[in-house]
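Shared between the two complexes below is subunit A, which pairs with subunit B and subunit C, respectively.
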Partner chain A sequence: MSGPRRHVIIGTGVAGNQAAHTLRQREPDGSISLLTLSALPFYNRYDLPKVFRGIHDWRGFLVDPPSHYEEQRIELRRCTRVVNVDAQRKVVVLAHNEELPYDTLLVASGGRAYLPEELSEFRDLLDGFSSFEQAMAVQRKLPQGGRVAILGGDMIGLDLARTLLDTGHRVVLFAGKFTFWPHTEPPDQRVKLLDVLERMGVQIVDAEGRGGIASIQAGAAGFATRRVVLGDGTEFPADVVLPSFGLVPSVEFMLGSGVAIERGLLVSPTLRTSDASIMAAGDVCQIWSDEHKRYRFYYGWKNVRSMGELAARNLTGEDEPFVPVQDESLHEHDGTVIHSPFWEYA
Partner chain B sequence: MRTDVQIAICGSAGEGTIAAGDILRSALAAAGYRIISFDAYPAEIRGFGKCVARLRATTEQVYSLKEKSDVLVCLNDEYGIPQVGEVRDFGAVVYEAKSITTLAAGAHLSAHLRPAQIPYPVAIRELSERATGATRSRNLVALGFLAGLYGLGVDPFLRIIDAKFKNKGAIAEPNRKAFVAGQQAGSQAFKLDLVSFGQPSAGQKSTILSGNAAVVQGCLDAGIDTFFGYPITPATTIMERLAVEMPRRAKRLVQTEDEISAIAAVIGAGYTGARAATATSGPGLALMSEMLGLGTMAEVPCVIFVSQRGGPSTGIPTKTEQSDLNMAIYGSPGDAPRIVIAPTNVEGCYRCAGKAFEMAERYQSPVIVLLDLYLSNRYETVVMPAAPPFEVDGDRLASKKELGPGYRRFALTKDGVSPRALPGMVGGMHVVTGLEHNEMGRVNEQPDNHEAMSRKRHDKLLHALHHPDFTQVKRFGDEGRVAIGLLAWGSTFGECLAAMFRARTEGVRCAAMKVVMMSPFPVEAVAEFIDQCDVVLVPELNYQGQFAHLVQAQTGRTVRRYNRVIGAPMPVEEIQAQMRALLAGDERKAA
Partner chain C sequence: MSAVVERQHDEAPVSVQASYSEDPRDVGWVVQNIPCQAACPAGTNVPGYIRAIAEGRHGEGYEINRAANVLPGVLGRICSRPCEPACRHGWPGNGESVGICDLKRSAADLKNAGHRITERLYAPTGKRVAIVGAGPAGVAAAHDLSVLGHDVTVFDREQHFGGMLRYGIPEFRLPRDILDVELRNALRLGVEFRGGHPIGKAPGETRLTELLKTHDAVLLAAGCVAPLPLALKLHGPGAAKMSSETDCPDVEHGLPFLMALHRGEKRSVRGRVAVVGAGYTALDCARVAMRLGAKEATIHIRTTEEYIPVTKVEIFEAKRESVRIKGLRAPVGIVVDEDGRLTGVRFVQNRLGAWRPDGRRQAIAIEGSEFIEPCDTLLIAIGQRTVNDFLDLAVELDQWHNVRIGDDGMTSVRGLFAAGDYVTGPTTVVEAVGRGRQAAQRVDAWLMGKSRRKRVVQITPVQAPLRERAYDFIARQQMRTAPLQERIAKGRDAQPCEVELGLDGEQTAQEARRCYLCNLKYQIDIDRCIYCRACIEVAPRNCILLVEGVEVRSDGSYGRLQEARDWNRVGAIWIDNNECIRCGACYRACPVDCITITRNEFVEVDTP
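Right, the complex of A and B next:
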């Protein structure tokens, strides 16, 4: 091989961004392209609840200033959707019809919010909270003291709930099997944790015990803008309804690439996919675990950042396995406080 | 909230780039914003070359375009990519979301955005097709997107679209639809850039005019009787507009076979007492130079509008330059003095146009109004006077006493201006010739006569330095002694003024003087200004420093030159850099 290598990284989340910076440190001459659907440079999505604390300027969420990418000679391609990866030609095909060749490809496209099939018909009545734009849209929509319905209640949603309560809003949690995701808590512990949430001010609704969520309806004029209707017919008004059912890996564009996929991209402990030129890191990949004898996801900011760094190291000559760096257990203290490692970042 | 937003629209010739800019500036002006705008386009008529329409909308008075735009709209990636750099940090770039052909790496505009610029990929082509069944209204879609994104009122846009396309068959409605489709997309887009429009300031009713349109209005308000011209960029639109307006006023306009015919006809018409004018550019002025000498020799009032462009020869027809000053002042055989005035902004175009007719009559001389492409094509919002501020008849006609057998058409009077007899005036018979002549007009080559007549032709023009209600020079900025002064003429003055105001905010004592009267030259006022400055910088858009030469020759003072021939307005930042270098005493950085 001659000349500097072309590294393409899909995704500018924690993993992709970390990988780009590590790559630059280890390979000063290579070209690095970071592709993202977002219109913004990498920002801390974990911080998004701060929109309710008055931070409405997206620059307040940036991890690095925009100039950092220019200084590091990292090409940042925003509003860029990947539609296909042609692994044979080593080309990434972009939705706007541009073909981007690569020598190495790191897929760090993360995961998108999962929405159960039975709720998909109500998509237009639901709000997301996984981007700055969505966060601001929710903030603008939610009146002071307004009510937020959180469906499911994964740890990202519960983190938001904490802020919403702090900032004078009301939170109704429609609990079910996704509550506390990605933690999997035994039933007795789960009851304790729900009690803690209730003491914190969250209104807990046992959605599964009441026939599940039957529908989401638009509210009547002069009342709350949404209604969550349960299987037993009970209705709960809300100003905003947020699905919070965990993440599903963003891998659609990899279908047809020849890379092995289960739910996420299957990678070895060194984060290599079945294609020698393609690696994966972050929430998009399932890593082979010798301990568990299966491919599994590793969530959390610290794990994901570590994967990004490891991928870059392994792309540049190392061959080290991923070692989880994050405790995965969920604790409650004194019946009043919940502590999750997934709420730790930075 | 103060508004200061500069928008650039970039596309290929034929994509409606300039039309989009025209609609945008008209709509924003109608909404009450102050506008300054300037379009750059190629020499070819259609289908080739890059067009860029730029406008700056403000609530405060400004004097120039900004070096960095706040928003860029790209209708064409090939031409848009080089323009991306002009967008400021946290400004917006609107571009076509999807190519219809497969692009090589880096060929899409999104590959060229800087991380601090905010991308807005818009399905411009698709929206146009959906709304109108065709892709040619992409410019209107893009315009609509801007309106939606920034919450600009839709009605002014629709009114202007209707007015613009009302005579163009059935395309008004599709264009409306395309605009609305874009507006809806824009209003749904999440605005991430840090560009915003505040409420326009309520003030006097203003009109948006280009420099050439202002010239036309000045001609009409001054009572122009006849116009002869031959088309040439960038002066053509003067004739085009007058061709529409003059017949409505029972006045005549003739397109002649060339520029020589045009000036000859203007001199002929001027000789009869008609207010007559022509408009041309540098190459046309070159052709007119001999006849202009006749105008001087025969002391015939006539007005010549000259819009400069890049030269020499055919040069760069659609790019601006200030390189015809020497030719305007000196370009004729022999000592052929004439009045040359150079407006510095659109309002000045109006005033200079009208005053040119007054001066031509009062001093019985050709008057050249020296514009340039940047000024001719620049649009500004101006507050027009309630009534035309021009003298409708400035002729020094011969009295009955002066007429008769002894009538001396070229009498050596105290002020040098002789009693004029128009054809048909009883007792006004005289000889008019391009040859040197005596007071009666008869050929006379005697040395004493030639000296006396030369003095007469020169000295009478000096009175133009005191022509009423006409700004010869004007000083801005700090009074008294200053560390640095800017001396400028023509369209470049706006950039100099902006640079001067910025320097003052940095604590520099400085001033700027605009010089409108180029010939005769206001020596005293300019010399006094120079004497009050530690150093004087003369920025101008020509290679030789023609104005700087003139200043030095006329005043005997030394000035520092800054000359650029970039085909575009002088960047304010460059003027500032020169000022800083001069103030720091860095001779190497100072050009």
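Right, the complex of A and C next:
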């Protein structure tokens, strides 16, 4: 091999950031470029509910200070959109037409909030909560004591619900098959968990049993700004409507690369894609499970961090399989507390 | 050759001085530089009709379309759009492809109500041609043959013409009033249609040999209407009472299911519907199932969503209607209860393999990975094949049991031609239309003893750039769609609701401006050029080069440009029309007016 290798990592979430750090440790001379669409360096997305606890300065969310990347000789490129990966030429194509060559590419672009296609026409009336900017927008929009409609109710959304209740807001959960995503609970356990949420103060609406969510409407002047309309015709007012239907892998820019994709990038247990120079880690990849005989996702920040580290190790000479490190079970305690590994970040 | 071309449509009363060329370099240029037209199986002049639309001449846009395919309003709705992945606007760095198909529909939707159809009729020949099959290939061939002066009769097993268009495609994608008008327009030149008139060997059916005796030529365009079988193992307590999966009342093939519905027969689905297959028929089955009251509909595919041969728009709309797609699985069996009712489908997990020669991805089953997906109805839509049991004479077949034809379109039987899916196996509507037209030319050439039409390049001077750079930044227009609650018809007698509603006038104008008009050829007259480099400076792409020479390939297309690295070796200043986005910046910047623009496009002319 001639000269230091060029490592490009797409995504600065838990997996991408961890991979960059491990790569730097294991390959001091390599060039590392970390690409992110975000305007901010790596911050903890699970901490975003803190905007309701008075933390409004973006610096309060950063995991590492901005200088850290310079010290580590990691080229951090923010506000950078990848539009294509040309695996044959080994270049990453950016939206502004720049081509970035690589020797190895790690795709750790994570997942974005899934909005079921049937609700896509109401996109303009919905808010997101998956970036600092979106979180601040919701915080500004929501009056003190205001009502938040959470559609679906994945574990990220329910975590936010806990904070909203703590800070004096009202939460209406429109429950359906995405409630408790990514956990899949048997019906009797699901009833118990919903009971716990109700005791916590969440208003539960069985949306699925009432014809599903038919539409989101703008509220009339002088009333709440939004209305959630169910299939049976009932309407619920809300100040903010948050879809919370889990994540879909962010793979659009990989579609022309030739790398095997189903919902996420398909990888071997060692996180290798169908292209020898490209690996994937985190919420963007589906890992082959010999045990389950299928490709599957592994969620949770500990798993994702472990994937980031493993990908970096395997990019630098190892050949180790991924072993999940995070419990995936969800359970309630004494009918009052829900324990989920997805809430155990801090 | 030079001539004054009078345009035929009252929307555009212009005359321009045009010349015609059969020079391989001009032919090669058009093929190479207009990728949308090259990708269209019917050879539609895409930049031509989009320019007409941009100028508000929707009727002319419609007629330009109609010159290549007789069903613009139909294909504007259901075309598989092979042109759009080829569109230069979608090339890396250029943004999204133009909504070519949406504009085709706009031309049909927005033309005047009293629009005048144009046909260039030939004198009657007295020749009689029979066409077996009234699907897209048969209709396209019937139209062209009748224009060419032949007496055409179309025979079809079904009562009404349209074939797969009428019986295979649901009304929410293709409203029947649109289909009827365009089919009537295609067949109004004296084509006789004999519906409910099967050609075959059974008593009461007309034999093919009889047709050959009573007609000067016969064209087989019988399509692919038999579903491909799928060998599924039977599991569960009721399996012993069955010999195959079709003995189960909850298992049906997708195409017969759709065809029966569209004939007006009653069909129902039960509970959770599983569809296996990855094409339009599978998608249509799932969407129809939702409209028939399925609790859920899931399409199971062998590879992944990325590789299924349907448009992303269709996938998105199906998902909006709550259809789900699950990938990397192949059906291997069904599970039935003691009453013989379906309770699940047994799948094996797949992984993606290498690329197949046809450009699709292989799926490889993983040993020991079988699993059961619970469901109550199974629709099998894995493809179609041709049926030849109606032939009462020996016709040579190929290895896939399709009829073999020669370069002249004729089968091994003299006077018997074949076209469309009946020859190629299942393709798309636009391919069938293209093949039908091609067959008509071949039948006519055989009947008349010569080709009466030929393709040449029409070269028309253009006085100024027709585009502005700002057009390149217009976002692709999104088509309006019907609200979800209106899509699913309420009650059995409710009218089906078309899902896609078309672009409105302003959206159409905006989308039409996005087209680069790749039929415009920019050239620099190097004898007049002063090599000031002004054009190079203003070019938004690396599209104007100082070159030592230019390779011209044997097919007339331009090959490698030898860029000059030294002033002393500059042979010419050259506009790379492959890179050029026809923005006109160079034309406007040139101080000595040495850049010329011509519109180069294929037209059909009579042979001497």
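Keep in mind that, in the parts below, the second predicted complex is superposed on the first by the 345 of 346 C-alpha atoms of A that agree within 3 Å, B and C clash if a C-alpha of one lies under 4 Å from a C-alpha of the other, contacts with A are read in each partner's own complex, and residues count from 1 in each chain.
Basically, a residue touches a chain if its C-beta (ideal position, glycine included) is under 8 Å from a C-beta of that chain, and two chains touch if they have at least 3 such contacts.
For clarity, every value in this text was computed on a predicted model and none was experimentally measured.
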Notebook entry, point to check: Clash or fit: subunit B and subunit C on subunit A?
Noted result: fit
Margin query: Quick check for you: in the superposed arrangement, does A:H339 touch first (subunit B), second (subunit C), both or neither?
Written below: neither
Margin query: Quick one: is A:N97 in contact with subunit B, with subunit C, with both, or with neither? Answer first, second, both or neither.
Written below: both
Next item on the list: Determine, under the contact definition given at the top, whether A:R199 touches first (subunit B), second (subunit C), both, or neither.
Entry: neither
Margin query: Under the stated touch criterion, which partner chain does A:S120 make contact with: subunit B (first), subunit C (second), both, or neither?
Written below: second
Next item on the list: Determine, under the contact definition given at the top, whether A:R140 touches first (subunit B), second (subunit C), both, or neither.
Entry: neither
Next item on the list: Have a look and say if subunit B or subunit C is in touch with more residues of subunit A.
Entry: B
Next item on the list: Mind working out whether A:L76 is in touch with subunit B, subunit C, both or neither, as first, second, both or neither?
Entry: first
Next item on the list: Could you say whether A:A260 touches subunit B, subunit C, both of them, or neither, answering first, second, both or neither?
Entry: second
Next item on the list: Would you check which partner chain A:A39 touches, where first means subunit B only, second means subunit C only, and both and neither mean what they say?
Entry: first
Notebook entry, point to check: Shortest C-alpha to C-alpha distance from subunit B to subunit C once the two structures are superposed, in angstrom?
Noted result: 5
Note to self: Give me the intersection of subunit A's contacts with subunit B and its contacts with subunit C, in residue numbers.
What the structure shows: 97
Checklist line | Footprint of subunit B on subunit A - complex, ascending | finding: 39-41, 58-59, 66-70, 75-80, 94-101, 132-133, 136-137
Next item on the list: Please give the residue numbers of subunit A that touch subunit C in the complex, ascending.
Entry: 83-84, 93, 97, 116-118, 120-121, 214, 255, 260-263, 266, 274, 288, 293-295
Next item on the list: Within their complex, state which residues of subunit B touch subunit A.
Entry: 89-90, 97-108, 110-111, 113-116, 118-121, 190, 192
Checklist line | subunit C - residues contacting subunit A, complex | finding: 92-93, 304-306, 316, 319-322, 327-328, 349, 351-352, 366, 368-369, 371, 481, 483-485
